[in-house]
Amino acid sequence: MFSPTIIIEAMINGLLTGAIYALVALGLTLVYGVLHIINFAHGATLAAAMFAVWGLNAAFGIDPYWAILIVTPVFFVLGYGVQRFVIGPAAHGDDGNILLITLGLSILIENALLAGFGSDTRSIPSDFSFSVVEAGPFLLSSARLVGAAGSLIVAVLFWLLMSRTDTGKAIRAVAREKLGANLVGINVGHIYAITFGLGCAALAVAASLLMPTFYVNPRIGGAFVNIAFTVVVLGGMGSIPGAMAGGLIIGMVESLSGLLLGESLGQIGIFIIFILVLLLRPTGLFGAKA
Amino acid sequence: MIGRGYLPIILVTLVIALTPLVISSNSFFNFTVLVLIIALAAQGWNLLGGIGGQTSFGHAMFFGIGAYTASILQTHLGVNAWISLVAAIAAGALAGLIVGFLSFRAGLRGSYFALVTLAFAELLRVLANASELTGGAAGLLLKLDPGFANMQFSSRPTFMLLALAFVFVSLVITQKIVNSRFGAHLVAVRENEDAAKALGVDVLTVKLKAISLSGAMTAAAGVLYVQYFLYIDSGIAFGIWISIEALLAPMIGGRGMVLGPLIGAFTLHGLGEVTKSFAGRVPGIDLMVFAVVLIVVIAFASSGILGLIRKLADRFSSKGGA
Amino acid sequence: MLQVRNATMRFGGLVAVNNASLDVKEGSITGLIGPNGAGKTTLFAVIAGFLKPTEGAISLYGKDITAEQPHKRAVSGIARTFQIVQPFAGLNVHENITVGAYLRHARPSDAVEKAREVAHQVGLEKDLEKSAASLTVAGRKRLELARALATEPKILLLDEVLAGLNPSEIRDIIPVIRSIRDSGVTILMIEHVMQAVMNLCEHVYVLAQGKMIAEGTPAAVCNDPAVIEAYLGKGSAERIARQSAENTGGPNA
């Protein structure tokens, strides 16, 4: 039905997209691993970051890749502030409340974007978006290659941050034993906020890497958040290597099922994986058994 | 003799039922019908999420199953509207049983349960958008043919009374549950599953009963929706909007309280109308207000408007007594 | 009436309960004591059905209940309290107890009445309308007791109901426990407060490192060298015996 070249090309494209999915899922799984909460506003935050990248380009002509240097710190600070001053105090320590607050934030961000930018779809036109690299019989999008490489770099940076720095140690301590960390003098509220900020910063990088090949509208977060949840659940909630592996798997599944079933039914594969993993192995493929 | 808790239900229902005597504006009835439909869907959520503590982010699945079951039976098979209604309610209960059996048996709680319900709703949305049975992306249109037999009423106040009757029944059922052993078990499961088990509560069965009833109620709301608008597509039926509406109303009105969803739905949409009249045609402004209200309620009044009223009443009566 | 036969509970490589057996006589107050981490609470969880034992069997009135779910065991007549109290925090005291009472009374009015009765029995009658979350430690322990009692059990498993109470509170609650037994409910209790064990229990089992190391009357168990060593370390039994012999001017003096 399909020639091997087409299938292999679809797989490679899937892997490249999957690397970006992994980056989107990275922040989600990090926040879950440390705060033990699911951030429903993750998708909306991504949409906001994509609009920020688009806006910087539209207003000042800043290249999306250079925008990383601006949006990443800004989103870190925003994430820090939201966790420290909104989610933390409002939740009264109840997980169910956190879930609902992040849902509220997601509705708020999405509709603020809608009010500010309208429902139109925007993209950043550039020649680079369409440039391709020839690798043997395959044609690969340059922007996607850059995106995948960028994702891998961010993943490595995260890993270094978590394993080599004092902040990373503090984050891991809080993730494992909140009370104990508090007793040895770690400010848990501060670490929570830093973790949340890092999650948002990862989204900002993802937004910058996505914009050259993707479009943005206020509802774009929904598409990504479903995928990010699936990636996180598949890789095991809270596991960073799991998110990377999960992202690559989902990217491939989506690409192949899109090829075989068509665009709209292609999504079904993802939901089915999501539901099956939750029902049969909620700790994920790589997570420890509960 | 009226049992415990029924008096407020009767009063609220009477007040709404009497509005056609003083108000004749069609936009008021449009508003009220929509609010009542949402209150019914939200009462379904409230049974499971408010009283039972199992937060669902995907009640659209029941709303959509109700709406599509009623539409498909009427358009494809020519089944009578009222029989379709019964079938749709049964389908909602069955869907609840299936989803509940799968997820509760797997031990899913809290965020995990919220996620899996969301995924089921989204899965159904994609399927409904692709399937011929549901009319695909074009959706399904019910033939306009007003009359009691078709559950269609050209007079808006009449339809409002129909919707009100549904809401009244849902309120009575919920109050009955709250007053019963099953209700006590459901609350016990919400508060502490292990303690409930130790006291002989069959946690899985209690949850399954709750999610079936919940699915049935929300499915009935879906039926009302198609009977009123005579149109349904995958985005309306299984869209995240109704999942959010079903959750917001009880959260704002008072989760776990019988009148919470109705009060919450009226408050939210009243607020939405007011905001729209101020902010004009800024898209999404009402939802932004809803979101802020949700966060504020969680932060400062976790038992919603009714909880706040009860607290004030307690303070007032204890002061008066002292 | 309650028998545990060779129960073993393994968590991965850890053996929390190792081949433990016990027998509770109808109408008795039986104690289960042992050092911290001995596996007492785990054994309770196995008896109440919250954990499925890796090996062994539990039977009630000779009927094997090893495979029964916790709620079924409650129906069979086993009620438990939790070492870390588990109140329904959002409910008041009366509502908390009523959940237990619903096990044998389907009609709300009957269950509510039964709950009031039980509250009276454990001394909570003045706190019925109080929120469970607002109770003192002693109040919560009583609530834990009341809820279990409201299920009208045949056997009541009490997991350290006296822990965290001050001496006068302990003095107040001991007669309550005895009156429960006198009303026909068999009691198996985990307890660290030895004064209470000596005072209440007719028969005591000692669990150490998952193994049942002794059983007998409280007095006999307290003088058992194996028990003393389990609590105070190896060689201590001999040392104590020597010291007491010296002090009393025994045969070696």
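In this document, chain identifiers A, B and C correspond to the written order of the chains, with residue numbering beginning at 1 in each.
We take it that a residue touches a chain if its C-beta (ideal position, glycine included) is under 8 Å from a C-beta of that chain, and two chains touch if they have at least 3 such contacts.
This is a predicted model, so every value here is computed, not measured.
Undergrad: Give me the two chains with the most inter-chain contact pairs.
TA: After counting contacts between each pair of chains, the winner is A-B.
Undergrad: Starting from the Cα centroid of chain B, hunt down the chain whose centroid lies farthest away.
TA: C
Undergrad: Can you give the whole-Å distance between the Cα centres of chain A and chain B?
TA: The mean C-alpha positions of chain A and chain B differ by 32 Å.
Undergrad: Could you give the separation in Å between the centres of chain A and chain C, each centre being the mean of its C-alpha atoms?
TA: From the centre of chain A to the centre of chain C is 50 Å.
Undergrad: For chain B versus chain C, what separation do you get between their C-alpha means, in angstrom?
TA: Chain centres of chain B and chain C, defined by C-alpha means, are spaced 45 Å apart.
Undergrad: Two-or-more-chain contact residues of chain C, please, as numbers and ranges.
TA: If we look for residues of chain C contacting two or more partner chains, we find none.
Undergrad: Which chain C residues qualify as touching chain B in the complex?
TA: Contact set of chain C toward chain B: 48, 50, 69-71, 74-75, 79-80, 82, 86-91, 95, 98-100, 102-103, 106, 108, 111, 147-148, 150-151.
Undergrad: Where on chain A does chain B make contact in their complex?
TA: Answer in residue numbers: 37-38, 40, 86, 89-92, 95-97, 99-101, 103-108, 110-112, 114-115, 118-119, 218, 222, 226, 229, 233, 264-265, 267-268, 271-272, 274-275, 278-280, 282.
Undergrad: What part of chain B is in contact with chain C in the complex they form?
TA: My answer: residues 179-181, 184-185, 187-188, 190-192, 194-203.
Undergrad: Could you please specify the touching residues of chain B with respect to chain A in the complex?
TA: 53, 55, 57, 102-103, 106-108, 110-112, 114-116, 119-120, 122-123, 126-127, 129-130, 240, 244, 247, 251, 282-285, 287-288, 290-292, 294-295, 298-299, 302
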